[in-house]
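You will see two complexes here that share chain A, one where it goes with chain B and one where it goes with chain C.
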Partner chain A sequence: MHIARINSAGKVLLAIVLLGLLAFALGFLPNRWQQICIMWAIWSTVGMSWLVILRVGEFSVGQAGFLCIGGYSAAVLMLKFNCPFWLALIVSAATCAFVALVVGVIILRLKGLYFLVISLVFAEIVRLTIAASDYLGASEGLFGIPIPNNLWFIKFSTKQGWLYLFIFILALAGFTFRRMEKSRIGRIYSYIGASPDLAQSFGIYYMKYRVQAFVISAFFTGLVGAAMGVYLGAVGPEGYTFYYSLIAQIVAILGGVGSIVLGPLLGSALYTVFDEYLVYVPGARSLIMGGLLLTVIFFLPEGLVSVRRKFLNKFPRGFPRKFI
Partner chain B sequence: MALIEITNLGKSFGGNRAVDGIDIELQPGEIVGLVGPNGAGKSTIFNLITGFLRPNSGTIKFKGDNITGLRPDQIAKKGIGRTFQITLLFHGQTVLESMLAGHVREERTGFWQALLNTGAYRQERAQAFEKSVDTLQFMGLTEWKDTLVNVLPCGLQRFLGIAQVIMSPVEILLLDEPLTGLNEEEISMLLGKLKQLRSQGISILLIEHHMKAVMSFCDRIVVINFGQKIAEGTPERISTNPTVIEAYLGCKRGTRVS
Partner chain C sequence: MFDIFIFWITLSLNYVLLATGLTLTVSVMRVVNLAHGNFYMAGAYAFLVFSERAGLPYGLALLLSVLLVGALGMLVEAKLYRRLGGRIEPSIICMSGMLLVLEGLAVLLFGPDIRGLPAMLKGTTTIGGTVVSMERLSVAALALVVIAGLFCFLKYSRLGRSIRATAQDREAASLMGVNVNLISSLSMGIGTAMAVIAGIQITAVYHLSPYVGISALCTSILIITMGGMGSIVGAFIAAFIIGLSDSFGASFIGRYHHLLSFGTVMIILLFKPTGLLGTTVEAKGKG
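And now, the complex of A and B:
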């Protein structure tokens, strides 16, 4: 195999080209499927971001908080400051990262169930504070966010344009998380997740890495949140409820938490397709979704990615099972 | 100058004075045993030295620097390595992967270099791998390098614990009951390794209930009971010290001293 010998820069280039082609091809899908792909990219990115926090040993139920901050900052920047879209995206993501830094230093001292609860409280505080602010449109939210100007060849007046943007964000997040996972960073996160005490005894300051993971997670969640807010044209406190946080976990767990990129990609694909087609059975929607989750967890406790591993195990010994 | 100098160390948990005015000194190159009945406060002393607990009173100096109240990671970076009484493991990692954890404090490249896989980062990674291969060889764990740590035989998990600590330079090793769970053969093997480490200039502070090993291995022994130092001296003098014998015979599991 020649591909195995291409160096890492070559691999990245190859991946970018393939991804570009894929995005280009997706752009010719019917509108409805483009919509599904957009949701797929959004929830994949959010699922990956959630997994980063899980790596350092924390179960966050607060991703909705960062989607909310991201969405609102983009809305405010574009509506009230006439900020160009691309700048609004970057500033919103940076805002989320900054909030995560300040909040993280405090709440990441808590562990286990305490962190779970405090992350939920954080997301609710964000939502309720915004709902109480007249500047931010109170309970009505902010609407009429203008359609952004074209960005190079991407036209935001079409679904296609948005699809390209969300795939780009997904690729950015995917590359970052994959590199993290394959490098020392990811390893250190796993050490801390497995045993903070042992990690500390080797001179690893666990708070630094926990906060780092939290900030990176918030950055990408905020970036998606900002793009999503502008895509929908409106942001409102009703949108950013606990359910958004839940989807992040659903897609990651469906896909398999063992794989930071592939897991959420698969989980999100299954989730978004079901979510889209379940509109035909309004009554049984949650029931079927719950059934789906249970089925996957029951038959594939390690998520959809383990299908691939089970399949791979049928190959003779020596087949590259683990790519380090 | 003493390598470690502990003066008047005290720690209470509620009303329980687990460590009560302890003084210990350790010279470079020395192997000192820390013994005492269960609940005497030995592990608590380790946790105080390594920053996992903060003392209520007293100071801890390392090579003349006051290290009292520093965080565990800061203390580890000074070259004070430790193991834990219960075997702590990085579940889900292979032996080789968890060995690399011990080398992190030596590595200088930061987040972006790791993310972008720069030359400097790759070089450090290669060094870390090399060092782990050497260290695994030294500890006799080479054939286990791709095994998940949680399925490693219990005795070898203790070996791994020490192997991880010596991945980066250490001046002193604090070993909390390293011989529990080892059979006689493994015990003599581990003691052999520790002697080799000592000949490389590493000092050792050893908590151990295995009296035969302590008596033959340590230069000096400190005996703790109810958080206080009740005796200190060479193994011969300790084994005939009446206070020590009484402290042990007054406690259920003390019968090991004979």
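And now, the complex of A and C:
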């Protein structure tokens, strides 16, 4: 094949063009499927960010906290300071990264069960503080966030425009995480995840990388949280409960935690389709998601990404595998 | 003032029940049971079915729901959790799955509405010139009896000693002839049963909905983190501190009282990451 022989920059360019065309085509789906695609992009990004923390060996159940901070800072900037949308987006993500830096230096001193517990507590602190603050709209939240101005052909008054934005954020996060995983940083993360003490004995100052992973994860979660807040037009403390933190972990685990990009993409596709069709039956969503989680953890521990390999292993060795 | 004091004692005693249940499972199973709060919720619904739909007397309904949900907890431990081999990540995911399944079932079966639970005793009495509702007194008395019973069981009975031994060192206990699998199931069952009793009592004072599980989970996690994971006496002390912020704090500070309890826990963790009376559960859990 010719494609295999072009150089790596060419491959990246080709991938960008193909993905861009695919994303452009997604904009012409029916409205409901555009909605599903938007949620798919949102939860994939959140799932990937969650996996970054898992790479350094910590199991976070506090992603809702960063979604909340991101959404609220974008809402405050746009409503109270008349800040333009793009600036608000970047400032919100930076705010999240800063909060993660300050909090991370303290809470990443804890490991294992204690980190898990304290990340949950962190998300709840954020939510309850916001729910108690009158400036931030107390338990009602902030609503009436203005629709951003058009950007060239992208109109934010339609779902299409938002779809392009979220796909762009997803692509940005995906490329960043993929590059990270393939580089020296990714290998350092996996050493730390395997054994912090061993990593330290190799001269890796693991605290630095743990905080780094936490900050990067918070940056992308905050970015997508800010965009999501403006997309929905309202933010409220009731939205950012523990369930949001669970979704981050659901999409990553359904897809498979071994692959930082493909896993969350697959898991999130499964999650959002179920979510969209089950939202009218109260309770069915939790039941099915819980059932899926249990099924995956017992029968498919490596997630959906391992389905192809398991399927291939059923064929004899000489079977031409590249056609499947 | 005396009224709030009674409320503090009542609430804290039930928090002790809730948190002791969780700390028992944490110390034996070495993983935080994220579904703990939802077992609490499930127990309250089971009680609702037994007492209102089936019309059983209070004590019988309480006993039946405790046995039913306790057995469910044991089943989850024996059939699901044990197969994961004690690794932290899969166990946590399994427990999150159970959390969602229980919540979904409750919404499907009973609907998302808020309900009230019947109280054990009705009417009021006067203590030292202040009117106190019998409901709260009976709730406190029941909690006290159960806590004392659990404490004696763990301290003096043979089975209780086996549970403590397994919590200290699983391998050594198994070498001494303790059936650690049975002990794991048993401690999960007892932990769940504690949650159910607390659930029936606390939701009778507040309200019951399928979503109360998460806040119960947060409360009990705060308590066991503050007291030290695996320490029952620590959980006892911490429950009274958290109860202080939820009763006196809620009356005098108002909406920010959650921040008070969270802040206290954060500060304690900063200076003593294992909690007030904690041992290092985490060092063994991570392997």
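Note that in this section the second predicted complex is superposed on the first by the 303 of 324 C-alpha atoms of A that agree within 3 Å, B and C clash if a C-alpha of one lies under 4 Å from a C-alpha of the other, contacts with A are read in each partner's own complex, and residues count from 1 in each chain.
The criterion applied here is as follows: contacts are C-beta pairs under 8 Å (C-beta built on N, C-alpha and C of every residue); 3 or more make two chains touch, one makes a residue touch a chain.
Values in this document were obtained by computation on a predicted structure and should not be read as measured data.
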item: Clash or fit, chain B versus chain C on superposed chain A; value: fit
item: Which of chain B and chain C A:D197 touches, first, second, both or neither; value: first
item: Chain C versus chain B, contacts on chain A by residue; value: C
item: Partner chain in contact with A:Y114 - chain B first, chain C second, else both or neither; value: second
item: First, second, both or neither for A:L266, with chain B first and chain C second; value: neither
item: Partner chain in contact with A:I42 - chain B first, chain C second, else both or neither; value: neither
item: Partner chain in contact with A:T129 - chain B first, chain C second, else both or neither; value: second
item: Superposed model, angle subtended at chain A by chain C and chain B (C-alpha, nearest 10 degrees); value: 80
item: Chain B versus chain C as contact partner of A:Q212, first or second or both or neither; value: first
item: Touching partner for A:R187 - first (chain B), second (chain C), both, neither; value: first
item: First, second, both or neither for A:L67, with chain B first and chain C second; value: neither
item: Least C-alpha distance (whole Å) that remains between chain C and chain B when both complexes are overlaid; value: 11
item: Parts of chain A lying in touch with chain C, wherever the complex brings them together; value: 54, 59, 61, 106, 109-114, 116-118, 120-121, 124-125, 128-129, 131-132, 138, 241-243, 246, 249-250, 253, 281-294, 297-298, 301
item: Partner chain A, residues of chain B touching it in the complex; value: 50, 52, 71-74, 76-77, 81-84, 88-93, 97-98, 100-102, 104-105, 107, 111, 114-117, 121, 125, 164-165, 167-168
item: Residue numbers on chain C that touch chain A, as the complex places them; value: 26, 30-32, 34, 80, 83-84, 88-90, 92-94, 96-108, 111-112, 210, 214, 217-218, 221-222, 225, 229, 255-256, 258-259, 262-263, 265-266, 269-270, 273-274, 281-282, 285-286
item: Chain B-facing residues of chain A, complex; value: 8, 176, 179-180, 183-185, 187-188, 190-191, 194-195, 197-206, 212
